[in-house]
């Protein structure tokens, strides 16, 4: 599933009034940077203005759920609420079970976070068995075997904001 | 278990007063389309009117829980509340662990969603190890080896609405 | 563990004042029917009156948690509250991952349901790798290699009602 | 990890003012009995009075979370609140997946129970792959290869009560 | 993933006004002690004062979530609230399934604890398959093959406190 692009979006979405946050871990930073850029580029192509894309960081993926919550809260308190947020992290299987427990608890926490912050939380976590898999999914393996998944996340953030974000009149 | 049909329903249900939502992901869209059609066809055969079947989409399966919540809320706000909702998605095992973490967190979130939206949420997620398995469960493999599971979901939505939906006088 | 009976109960329980619900899925119905009968028979042997055993159904095991919640609520609204409820379902491993995700999410949801409905929810789910295992645990394999697990669930419902049910004066 | 004792406790704890509950399943009762005795013996050696150790039972491990909750509530209602509770059960892998789903859901539920009952819930569940492993961890295999884990649980209950129990002035 | 250091932090953080708690299990105490020291040393290097690092203990890792909650509460009640807390434990795979159930439930509980205590809870749990892996991650294997992961946790606590801790003006 992860090896194919998302395909076409179902309609053209207008992101020009949206404000979207990205919060990313800093482990595996080359891969992360490519994913973040992919997400930003795609959002801009859908009309999101550069000044409306806010970027924050945390040390590792486990910090994403709490960091995302507080990041969203802060933007709101400052009078500039977000329409969606994309937590981005790259987890790669090591020799202990660290990968499994972090991946599972972080995925659950990000899923459940949506109703606490009341906006779409896009799942920007790569859970790979090798570094090569992660490079490929960031579109930066030599063979360019796959597209940058950050682009999917950017498109997803715009669509979910327009359809189900806090600006929706319901 | 997944290889057999649900068997007979326990009684004839009248869906003529029901309003049922379908919200589906767009990944693996050929399979998804067949499942959605199967669900609609079955609900109509149980009396649900075409205008009372509302279809919405999200990009991928991970977006289903939040999208479903907001979709249900919106229908309610607009004065046309749903009696049940069928989130539909198709997840197929890839080479990373993406499949496992998405499948597990989405299944849990859809289960728990029921009491938050206070109506039956039918489990329309295929979690397959191969594309062939998914085609077969949508009734569109060449051998026609299985029936379309969307039909089960449609019947399930009608039964659960009649027995345990928000229109029930308790 | 599953291959042995529960052994003796710790004391004789009097079920004559109890009202117990059974809600069962209809997949694998031959096995389900045997389990339901086993539970009823055992409860009657402990004094529960036939008219105080209420049976309801849902299509499949995934529907058990929400169905159980609404079933319990309805009995209460109608002025005939239950003392315990036994959701019964039979899940058998197929070729996709459906079995794993349904089993896990349903088990968690039934566990957590107890404090929401404020009465004992007895775990009547068989999670088997083969049909043979399920037949044996319903006491209907040819070799009669095991007892009917429905009997354990019936005894468990009576004991838990007497000790920890809503009629307890605390 | 499970094969070594807990080592020394960090200081001498005085259990003479504590009231501690044990609630145990009755499956695999020989092993359970040894574990319960081990816990009691250790608590007494730390000063807990015999009349302040309250023992209750449930049929199986799945019943522990709900049973524990109600057991704690009852003690409180009766004016004799507990300082900690030790749910004890022994789960042994069988041929179906029963072991996995019960173990996982029970462990989670006991963990989460702590904040609902507002006192330490000590994890007294053995999740073993063979009966031999369970006998060894109850200190009753012929080779006496391990110590009785119930003793660790008893010490843990006393320490957690003194440090983090409801009697603590905060 | 676990075999590499966190890399540089994104900016210099000033920990001189922070108050940080460490609560650690006592199993595998040689490893634990090294991790605790590593965390303290790193926090001090970022300006955290010795008197503002508070250390508490629990018997084992399963006790960490409840212990952490109460430890945080107590510091607050005493008028000296923490800015972050680092629960530290070392779990090593044994022959039963104890490791898996403890690791998973503890990881989830620590993740979810953050919003209950409203401050960053740093994940200081090693979930290793061998003792050698744990020694290496505490920086105390003979080959000095890895750095002390406690140092990462210390840096993480300071960064998360400054960015997302309770002192933040939002």
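By letter and in written order, the chains are A, B, C, D and E; residue numbering begins at 1 in each of them.
Definition applied: contacts are C-beta pairs under 8 Å (C-beta built on N, C-alpha and C of every residue); 3 or more make two chains touch, one makes a residue touch a chain.
All of these numbers come straight from a predicted model, not from anything done at the bench.
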Quiz item: What's the overlap between the neighbours of chain D and those of chain E?
Solution: none
Practice problem: Going chain by chain, each one touching the next, work out the least steps from chain B to chain C. | Solution: 1
Practice problem: Mind checking the rotation angle between the two copies, chain A and chain D? C-alpha superposition, nearest 5 degrees is fine. | Solution: 145
Self-check item: Distance from the mean Cα position of chain D to that of chain C, given in whole angstrom
Solution: 26
Quiz prompt | Centre-to-centre distance between chain E and chain C (centres being mean Cα positions), rounded to whole Å | solution = 42
Quiz item: Do you know which chain B residues sit against two or more other chains?
Solution: 93, 104, 108
Quiz item: So that we know how the chains sit together, what is the shape of their touch graph: line, ring, star, complete or other?
Solution: ring
Self-check item: Going round from chain D, first to chain E: chain order
Solution: D, E, A, B, C
Quiz item: Which residues of chain D touch chain E in the complex?
Solution: 1-4, 6-7, 9-10, 93, 103-104, 107-108, 111-112, 114-115, 120-121, 123, 125-129, 133, 137, 152, 155-156, 159-160, 163-164, 168, 170
Quiz item: Taking the complex as given, what residues does chain D use to touch chain C?
Solution: 26-29, 56-60, 62-63, 65-67, 69-71, 73-74, 77-78, 91-99, 101-102, 104-106, 108-109, 116
